[in-house]
Amino acid sequence: MLILMDLNAPREHIEKVKKKIVAKECTPHEIPGSRKLAIGITGPSGNLSIEDFLGMDSVDEVLRVSKPYKLVGREMKPDDTVIDFENASIGGEKLTIIAGPCSVESKDQIFEVAGSLKELGIKFLRAGAYKPRSSPYSFQGLKEKGIEYLADVKRELGMKIVTEAKDTHTLPLIAEVADIVQIGARNMQNFSLLEEAGKIKNPILLKRGLAAKMEDLLMSAEYILSQGNYNVILCERGIRTFETHTRNTLDLNIVPVIKKHSHLPIIVDPSHGVGIWDKVTPMAMAAVACGADGLMIEVHSHPEEALSDGFQSLTIKNFKNLLEKIEKIASVVDKRIDNEEIQISN
Amino acid sequence: MLILMDLNAPREHIEKVKKKIVAKECTPHEIPGSRKLAIGITGPSGNLSIEDFLGMDSVDEVLRVSKPYKLVGREMKPDDTVIDFENASIGGEKLTIIAGPCSVESKDQIFEVAGSLKELGIKFLRAGAYKPRSSPYSFQGLKEKGIEYLADVKRELGMKIVTEAKDTHTLPLIAEVADIVQIGARNMQNFSLLEEAGKIKNPILLKRGLAAKMEDLLMSAEYILSQGNYNVILCERGIRTFETHTRNTLDLNIVPVIKKHSHLPIIVDPSHGVGIWDKVTPMAMAAVACGADGLMIEVHSHPEEALSDGFQSLTIKNFKNLLEKIEKIASVVDKRIDNEEIQISN
Amino acid sequence: MLILMDLNAPREHIEKVKKKIVAKECTPHEIPGSRKLAIGITGPSGNLSIEDFLGMDSVDEVLRVSKPYKLVGREMKPDDTVIDFENASIGGEKLTIIAGPCSVESKDQIFEVAGSLKELGIKFLRAGAYKPRSSPYSFQGLKEKGIEYLADVKRELGMKIVTEAKDTHTLPLIAEVADIVQIGARNMQNFSLLEEAGKIKNPILLKRGLAAKMEDLLMSAEYILSQGNYNVILCERGIRTFETHTRNTLDLNIVPVIKKHSHLPIIVDPSHGVGIWDKVTPMAMAAVACGADGLMIEVHSHPEEALSDGFQSLTIKNFKNLLEKIEKIASVVDKRIDNEEIQISN
Amino acid sequence: MLILMDLNAPREHIEKVKKKIVAKECTPHEIPGSRKLAIGITGPSGNLSIEDFLGMDSVDEVLRVSKPYKLVGREMKPDDTVIDFENASIGGEKLTIIAGPCSVESKDQIFEVAGSLKELGIKFLRAGAYKPRSSPYSFQGLKEKGIEYLADVKRELGMKIVTEAKDTHTLPLIAEVADIVQIGARNMQNFSLLEEAGKIKNPILLKRGLAAKMEDLLMSAEYILSQGNYNVILCERGIRTFETHTRNTLDLNIVPVIKKHSHLPIIVDPSHGVGIWDKVTPMAMAAVACGADGLMIEVHSHPEEALSDGFQSLTIKNFKNLLEKIEKIASVVDKRIDNEEIQISN
């Protein structure tokens, strides 16, 4: 259910409404919008009726929400969600570029890549310290050591860190350093992890699972929002189909579909989506052209030596080339790359 | 097998090579390139050996082709195929826009749509006269009457006609009128139809089947080329996956993949690919951004009255809007819309 | 629409109803059942109303059919379709075994396999003379010669022939010899071929396409029935999914689903379904256990020398072993192998 | 790597080999077989060479394992794994039936179902206390209370308990009560949970993920074995494909494929696989016919009142009917239902 109130409703009117919701064992979610203040309600749906709120002070309208997802839907919040960071933001007119290697491999390696990316104006560094791998015998990341190096990069280069939490156990440690906590595709329906992610303050980057329908992705995001963390960034990274010409089938169709059904920003990871470096640039361009709010790109100073996913990583040079092309596409769709100081055209 | 000869090889040297091929019950295919003249060989592979041709006049090199597809592959012909029409061409630097209704419904209807499209500079009109439909009880097209109306449009408005042949029986009639003969997704592996399509002169637009891997699509094109018709345009129009948020899953990844493996032009049909009109524009933009040679778009003067596929058709107004956006994206990828006289910006 | 009449309705009452249907440009289909005589109606649905038939002599009930498929549905005909041949039948309590090599390769080869199968009591021989192949350079079958050899087998060994028609052009020739005409998976939506198949008398074996949903398969069968050929046998032979451990994913779930929605018999082809000979026996057993009306099995006297699909063919010895196991499973589901004179247990 | 030793090798010879492995920072896994004692080695593959072990006492052979999975593979252990319980076993000639409701809903409900099942001789009761649900607003299970009721059933009725652990946090509590700990399809690649499951003693029932290839499933099992828990039961429960006639596409093909590549038992859950109760019985029969080691069936005393998945649950009466049919199929494949005292035929 959704209660729409005057934007200028006095605090006491709002609190009265929220109190009534809590009294019925439901949870109120304040969602400020451009024209109205909405109070979303989640919890046992049978406990409340529209009549309970009609006629209350500052209440304009009370609506049933028809979709299975509530807080992530456009019905609840028509305006795009924009997530603000110090000196950056995700969503709206900004096009966010998150770049970096698959894994932190050593202090030297991560500083080398990060330094090169910073020179290109990149604000968000991606790199995994805890790596979920299909095989127990594959490189599983540098773990605590990796987080430590990322903290060093953050402090010394001033970059924002995007890194994955693969379980509830390591989430608190990661949340201390990460500006954005990533939840990977294989964990998209790890509901315990989603709930914990909903209880921290960090924005969450939620990757779509290999077999997740659009609605599954939104329901997983709903888990996070329902716990009080409204800063979720969705990420398309390829689904599993019969086609084997690419590692996965990057499903760009979901971008305009999500834009219609949800207010959350959605970015695209073409590196995992196609899995071969020479297809990354055209698919990144396509992603921006169809409305994505950002890109997540694997970049490595020496892809041929990478401990994981080297074949899908761009070199710094190829990445710079990609940025130039993306910049032009962005302008066609009225977006602007959110870069520190773009020096990519020389 | 592939024989590379001097570009300026005298005709008699070429004929001598071809004669030797025919003598072994194989078929020679002359493929002029920018640096070499290639003679592709198809047929019983065991009959010929590289040694048979080494030392022949004007023969530079003889190669085994390692892929299952031969004539459609880049190994055989490194240069992009460009298909020339009077006053138009497909492939290379041109971005081709093919537009029109799903079906010819009446003389008035097709002239109304075609007239509007012509005003926008569109050269290629698409419209089905013979419609393959899942149900025997659905509208199957106006058939001969439809072809007649398309001939009228061609004569009176000077537009080029793209229309589907759904069987070998009607192919000759269609080939008389069509500038491009379309083979639909459900017929992509109708090998008898492919063979007949290989024997006519008209360029063929071959749509990817719902369950076709990249290689399946190329092998089906190979059927056409192997019969002597080298003018094939591939078309991505969505594959069938578990995802139901769009009618099909438009697989744009195939565009850069095809570009790498084949010299044939590839266009994208986002209307069938997504199946909902409001997703057509963003996905059309994405298609151009990742390198497609053209678009095939369903446009109807009155989509709500269409006899088939109305929900995925654009209005003239929305289509004009799409053209404006496509024009900008095209310039980023160094392509130019191949329009008659573009008047879309006023 | 469906008109239910007395089983003993006099011919004149029936003709009166049919006349009325024809007068409205629709087509009547007489469908005798165990309790009622049904007249199914196909054609422009708006032309007729229930009231047109109420009160007519011998008319008991008039019903709207709610499914997109009409003639193939259980609503129209609650009883299982049983297709009768001289000395054999398909559907009902019979379990039909169709066996043979992928292709006719030579007169000796087909007589050798057929002879061995006949000794095992097999009545239906499968073998392709016209082979649809993904590559134009693969063996395409012996064509007319192959049909000739099949006619020889039929005459000399008295076996019933199941062979594929891949186009309308060769259909008449094939229909002369074939006891059952097969339409392959790639042609499942070749609607022109389906229509022609609906105009001949031979029973049709319709294979499910790689991307066909249950409803697509039924709609394709509907094409055949709507032309007047009610003897259609459906065949599951694997769908295309992400899984690559088998050539295709044999979808046995469709067997009980079809049994619920349609009265047509359904058989299973595990050879194409899994594509590796050693998985054929367990999946054949599973097919019978879940209710299939028959099996289509690739058997070759010398699989290692087969010109096509040798790796999925059983040897005579393995096939005999399979028959023994199938016989036991059949008895659990109250079916009986429809064999000439079973001598498989010695 | 795999070291094959004499079955009767003295303990000191074995320990000497294991010591050498540990010295190189690898892990030895003792795998007793019918003809040889195998010592599997996992860990950094480069550290050891075959020569390190040749010539050591009681060592017969040293082999490289060519598959990405090691401990779960037939190469490492040719004999089928049989998991022993007090008064029951899974694998080998036994056909195990695990039955029960989707969730524990109340003490009365679980005792009612469990009592009915016990009367039918069922030894293993399935029921979820912690339920992973797509929506945060759906019933999430009775949690601790549910585990408590399951402990009551175990104590009072003597049934073995199969229940799901959805995170590492609740795993220890569940492991105290569960005879088999289930890991659900959505957690199949929750590697942290798999690792913890590898450290407990309870046998693990690992369900295949919706998009998991055969190899992915085996690699996830490998995670568990690599931590020292060798008692893993695999479970097929449907994959996600384009087909929507069933909730998921139960992929029985994986049963014979797993049997070839792995020594682990594999059971089938047709209830989740097809998602509609009336298809459960035929697919359960098919599963047994193709070689499954057991079935997991949803049974509810009052499916229409179930808090979750009622539409796919069998009534007690239908389940009894299923057991009768399964018993007959089992005998064809030389298996025997592992029931307490079968009284299902009266």
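As written, the chains take the letters A, B, C and D, and residue 1 is the first residue of each chain.
FYI, a contact is a pair of C-beta atoms (placed from the backbone, for glycine too) under 8 Å apart; a residue touches a chain by one contact, two chains touch by 3 or more.
Since we're looking at a predicted model, the values are computed, not measured.
Set side by side, the interfaces A-B and A-C show unequal numbers of C-beta pairs in contact, with more at A-B. Chain centres were defined as the mean of their Cα atoms; on that basis the chain farthest from chain A turns out to be C. For the pair chain A and chain C, the distance between mean C-alpha positions equals 51 Å. Our note on geometry: chain A versus chain D, Cα centroid distance of 35 Å, whole angstroms. In terms of their C-alpha centroids, the spacing between chain A and chain B amounts to 38 Å. Shared interface positions of chain B, defined as residues touching 2 or more other chains, are 211, 239-242, 244. Residue ranges of chain D in contact with chain C, taken from their complex: 211, 213-215, 239, 241-246, 249-257, 260, 273-274, 278-279, 282-283, 285-291, 325, 328-329, 332-333. If you check the complex, the residues on chain C that touch chain A are 240-242, 244. Only residues 42-43, 45, 68-70, 132-137, 166-169, 186-187, 189-193, 195, 209-211, 216, 219-220, 222-223, 226, 239-240 of chain A touch chain D when the two sit together in their complex.
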